[in-house]
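I have placed the structure first, in the form of structure tokens, so that the comments after it can refer back to it.
Chain lettering (A, B, C, D, E and F) follows the sequence in which the chains are written, and residue indices restart at 1 in each chain.
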Amino acid sequence: MKLFDVKLLTVTCEILAQKAILEILSKHGITGYTSYEVEGNGSKGIRGHGFKNEKNIKIEIVSTEEKLKDVAEEIARYLFSDFAIILYFSDVQVIRSEKFI
Amino acid sequence: MKLFDVKLLTVTCEILAQKAILEILSKHGITGYTSYEVEGNGSKGIRGHGFKNEKNIKIEIVSTEEKLKDVAEEIARYLFSDFAIILYFSDVQVIRSEKFI
Amino acid sequence: MKLFDVKLLTVTCEILAQKAILEILSKHGITGYTSYEVEGNGSKGIRGHGFKNEKNIKIEIVSTEEKLKDVAEEIARYLFSDFAIILYFSDVQVIRSEKFI
Amino acid sequence: MEVKSNLLIQMDILGLIQANILTPVVLFFLLGLVAARIKSDLKMPDAISEFLPIYLLAAIGLHGGLEMRNTGFDSMLIPMLTAIGLSLVFTLNHYQILRRLGKFNIFDSYALASTYGAVGAVTFSVGLSFLKNQDVASEGYLTAVLAVLEPVSFILAIFLTNLAVSKQIKSKKKSLSSDLGNNEKILGMVDQSKTNLSGVLRESITGKAIIVLLGSIIIGYAIGDKGFESISIVFDGLFTGAIAIFLLEMGIIAGQRLDDIKKVGVFLVIFSILIPTFNGIIGVFVATALGLSLGGAVMFGLLMASASFIAAPAVLRHAIPQAKPSLYITSALGVTFPYNIIILLPIMFSVSSIVHNVDGSINLFNYFGIDL
Amino acid sequence: MEVKSNLLIQMDILGLIQANILTPVVLFFLLGLVAARIKSDLKMPDAISEFLPIYLLAAIGLHGGLEMRNTGFDSMLIPMLTAIGLSLVFTLNHYQILRRLGKFNIFDSYALASTYGAVGAVTFSVGLSFLKNQDVASEGYLTAVLAVLEPVSFILAIFLTNLAVSKQIKSKKKSLSSDLGNNEKILGMVDQSKTNLSGVLRESITGKAIIVLLGSIIIGYAIGDKGFESISIVFDGLFTGAIAIFLLEMGIIAGQRLDDIKKVGVFLVIFSILIPTFNGIIGVFVATALGLSLGGAVMFGLLMASASFIAAPAVLRHAIPQAKPSLYITSALGVTFPYNIIILLPIMFSVSSIVHNVDGSINLFNYFGIDL
Amino acid sequence: MEVKSNLLIQMDILGLIQANILTPVVLFFLLGLVAARIKSDLKMPDAISEFLPIYLLAAIGLHGGLEMRNTGFDSMLIPMLTAIGLSLVFTLNHYQILRRLGKFNIFDSYALASTYGAVGAVTFSVGLSFLKNQDVASEGYLTAVLAVLEPVSFILAIFLTNLAVSKQIKSKKKSLSSDLGNNEKILGMVDQSKTNLSGVLRESITGKAIIVLLGSIIIGYAIGDKGFESISIVFDGLFTGAIAIFLLEMGIIAGQRLDDIKKVGVFLVIFSILIPTFNGIIGVFVATALGLSLGGAVMFGLLMASASFIAAPAVLRHAIPQAKPSLYITSALGVTFPYNIIILLPIMFSVSSIVHNVDGSINLFNYFGIDL
């Protein structure tokens, strides 16, 4: 079984930024992602207690380094200032590389 | 503190494939895993809206590269064609390597 | 866009150990983390079925290797014996390294 | 005279449909539909939409059990066997239609055939609340028939699918025996298919729907009206309101699925309307012939007419993973369910009223004699 | 004589406030508050706190629709337009106060102004249950006013914010036109701001609150009292109990927010009490002048007095992301909401009783003439 | 005569047990048990199983508060102190039995001792609904006793465990003082143990169970019957039905745990049946001697008999993490709870009827005189 190197971008942000992020993804032609609600703490305070729309969401995207860097740059540019948000990259290996282009 | 290199296999799939995956795990003698429900989008369309059993599940297994490759191969062989599913490997370091054999 | 290497520490444990772990984090001056409930199986049996407080929680912390190793060491020392718990490190790259010190 | 009475009946049906649309249950369904179509962010929390079916099943089970205790169930055997028989015949009939006329592949054909051969507990709940609204009673044992009917057509469909798959594999094996890896995979599939049947049987019978339904029937039977009193506000008083809330959710899901209807195709949409009508009306006649009451015949017809959209996806995805879920979920939930509860239910009620000779002027036999 | 009657009124108000505190709804709110303050682990499951607002909106919508069917709504237009007009005027007024006296920045000022110009459906529910307790009816069409009022002041605030942002950007553009990247970003922001307004309008109108509210009004109107019967236990019988449970949750959240009050500042706390009082009392007078009943005037006043703390965060975080949510959530939920339901509601009820001349001795005009 | 009356009593108890099994509450528990045993996929959504205990506590709190308002609570002090005293004595007694006869280690012994010394709010709810079924009232202040009793035996057990740990550590420290790292760890543990007690006390008292219970008692007391009216459908009408639904969930969890019973061992299973019986019957006698009513004595006995299976895991896992949760959860939920609600409750009811001399033929003293 051959494995291919791709990247995983993980974005954790307040739920209200979700829509903007998904729009950025689709602008870059990325259709595959996984998301789930999380709680958390960061520079913008404890989240995930109380109103539903104060929760955080984590969005994970497996794709090529190039595409994900573009995505991250756009997120950083437009969303970092207004929303509670962090993101990080990691290396992952997949079987069907064609699924993640 | 000494750290040991092992692998983390992450499988994201529709909830209906969960049982089959857990069976494959136990067939390979793996008892440790972590799982949680997620939403997502992929080649099989948006998931996680509507009926419960249309949600996705993410299963994470920390173990040796060898074992996890066997697991991934079996998943690829029997489940890739019929279910919405992706999987990827990443490198992680643990303290108690004996827990993940 | 420049990326900086930092570490991600993932702790999966029974929900009752959560408080102790968050205390250890804050003792080491770490305020940022993400957490969410998960189910799982390990040496301490299947979790996440039945009573709420039998669930697992996953806590993820992005920070410097140094700090996270200290944290992991303290968790290993005080909590490994009494609680269902695993932890692992992985390499991640971030944009704003100053956020994760 | 003839023409006039026919006209009256027609008006009656239209009036009933209109009256039926103006019930909270149907209107909340439509509200959900509209909300989904205009892309509102309205949604039910998962926990509520998981809990409500359990509650509804418990409520109809208790209700059925209480009725059976009060009115007996000696007369249950023949209707139940008839229902099972009809269900099997209908499933085979659906398959032929779908495979031959609809040109669907084996897997989709069997999946769809059994979806429409199976029964829908939510539809059944709406039927009960419809009858309650009309102040018409129905035989309690029909709830037991609902429970027994649940797995029947799935089991048939899965058995036949396995048979078909085995044949296919055998012929394939003969033709190509070189590629070892593939062969191994095929053998794996045969094994899987074989375990499926018993697995599916097991899962169907221990499935939450049947457990709750059968359990509640027994509980209802055991406690009787006096024992039921203390829980009657929850399981009787809240019943229709809970259905209304659940149908809001069903409406939302159906609305989200409506876009898929294009993918489903005209043939299947027509199928999703004609087949329930056919099965349902037959059901009403058969039930009447078997001696069921006006309301009982409607519920029997509804059992035949209803398609399964909660159990089906769960069972079929495991059992016939090769079939496309978008087909059977969309047609059952997006087309048949609204059609059944809005239009077919009043139609069947009218038919049942006529064949039960409610207004005293037409009875079953001269109705057959004169009108058909 | 004068003095005595004034005294009596005062005692009446105090008595009413006290009686109001001793209702389950208020007491459960306080229980939640206490639980949060002593850091209890008491919390409602998310699913329940998401479901209850949907339920409450459906219940008040149905109730409003039924009332409108029974009593007509020809007389609705003028109160509705008046409410919209007042809401807009109030929003502008809040902005001036916040910006000039409070020295808040543009973004926070508009966000706060619209939070207090908007309406609170939860507050409205509590008002209805308060009136139910007093056995006083109110005009059903006020529910429709609630629905229409929801987006009004948000839209105004967002429109004005966009205007302000555009101006700022234009002037910035003139001064610095060198940094290309930054310029691009600014242009992006202008674009974003421009799309925001239509987006927000769309989202407000398809937002779950309005959909459920309007939908239920229509359903209530369509089904009438007879159709409502079957679901009345759920949507009427459970109403006050459900509010009590929801207010337990609101109390917990408010309690968790109380620490933030320090950050909010004295000015905003005073604002959060005086503005609702002012708006609310004006509302009662205006409504009375328009001919609304005793209860109707109280509900109208409550619409004016209430601040939005469920819709506001969702809408404003998208529309004015530069504003600090801690300001508007904390003041609306932590200060204004408890003040409104505990103290202002009985005050407005007393005022409305007086201007409606309930005890027969004072009427609107001689009250104005003598006491003001 | 004697023999006959004994026989009658025995038949009475058997009849009562049988009648008790045929109540919805018990039957839904059994349904859950069966569903779990046959590995059905039936499960309650988490949100529902988290919400129901809050609801049940609020309902019994309100009920208790209302009763206390109506009948006073001057007479509460002595029963409450007696309950606390008995609870402490029982806890110490359990410890001796478990440590000496059962050969459990210190940690498990204390954990189990306090689990059975503590009280179970769910059991209490079932008791109330049992009495409601029998149309027998009980003293409202017992709800307050329930609230006060909650933390008592945990605190004792944790205090004694800490004492034992400290002693152990001291002796260990003396023997080995070479291994520095380990020593550090031991010192850490001592510190941890020391903070535990105050932490546990704090957590117990601010724990959601006590907050909701005490809060609702006060609310019930404050609002009185008139104020309760508007929420009585939710907190009274739905009560038994909600218990039935919750017991379905409890049955499922208990069923999933039944496999662990083998690990628990015969000794603990017998302990889990005999101890509640002993404690419960003593409770009934003591309560009767203190002048409590027939129903009050049953509820008092139930407080003594019940084991804690919701609070215990949460408190003990923090406070005595060295103890095995499978022991105390399995025995309390899997053995004692069903035994208590199915068998012991009717037994205690019969005993209380006899000692309260209900049928007029036997009174407490000649009963003691002749039969014991």
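General remarks:
Methods note: a residue touches a chain if its C-beta (ideal position, glycine included) is under 8 Å from a C-beta of that chain, and two chains touch if they have at least 3 such contacts.
None of these values were measured; they are calculated from a predicted model.
Note on connectivity: the fewest steps through touching chains from subunit B to subunit F is 2.
In terms of the stated touch criterion, subunit A and subunit E have no partners in common. Contact tally for C-F versus A-C: the pair with more C-beta pairs in contact is A-C. For the self-contact between subunit E and subunit F, the two sides draw on mostly distinct residue numbers; the shared fraction is below half.
Simply put, subunit A must spin 120° to overlay its Cα atoms on subunit B, rounded in steps of 5.
Inter-chain centre distance (subunit B to subunit E, centres taken as mean C-alpha positions): 48 Å.
Inter-chain centre distance (subunit D to subunit E, centres taken as mean C-alpha positions): 44 Å.
Separating the centre of subunit B from that of subunit D, both taken as means of CA atoms, is a distance of 36 Å. Counting partner chains per residue, subunit C has residues 36, 90-91 touching two or more of them. Counting partners per residue, subunit F has 43, 45-48, 50, 233, 237-238 as the residues that reach two or more other chains. Judged by the touch criterion defined above, the protein chains form a pattern that is neither an open path, a ring nor a star, and not fully connected either. The set of touching chain pairs reads A-B, A-C, A-E, B-C, B-D, C-F, D-E, D-F, E-F, using the touch definition from the header. If you check the complex, the residues on subunit F that touch subunit D are 22-24, 27-28, 31, 34-35, 38-48, 129, 132-133, 233, 237-238, 240-242, 244-245, 248. Contacts from subunit B toward subunit D in the complex involve residues 14, 16, 19, 49-54, 77-78, 82-83.
The residues of subunit B lying in touch with subunit A in their complex are 10, 12, 36-43, 56, 58, 69, 72-73, 76, 80, 86-91.
Subunit F contributes residues 45-48, 50-51, 54-55, 58, 203, 206-208, 211-212, 215-216, 218-219, 222-223, 227-228, 230-235, 237-238 to its touches with subunit E in the complex. Per the touch definition, subunit C reaches subunit A in the complex via residues 1, 3, 6, 8, 31-36, 62, 90-96, 99.
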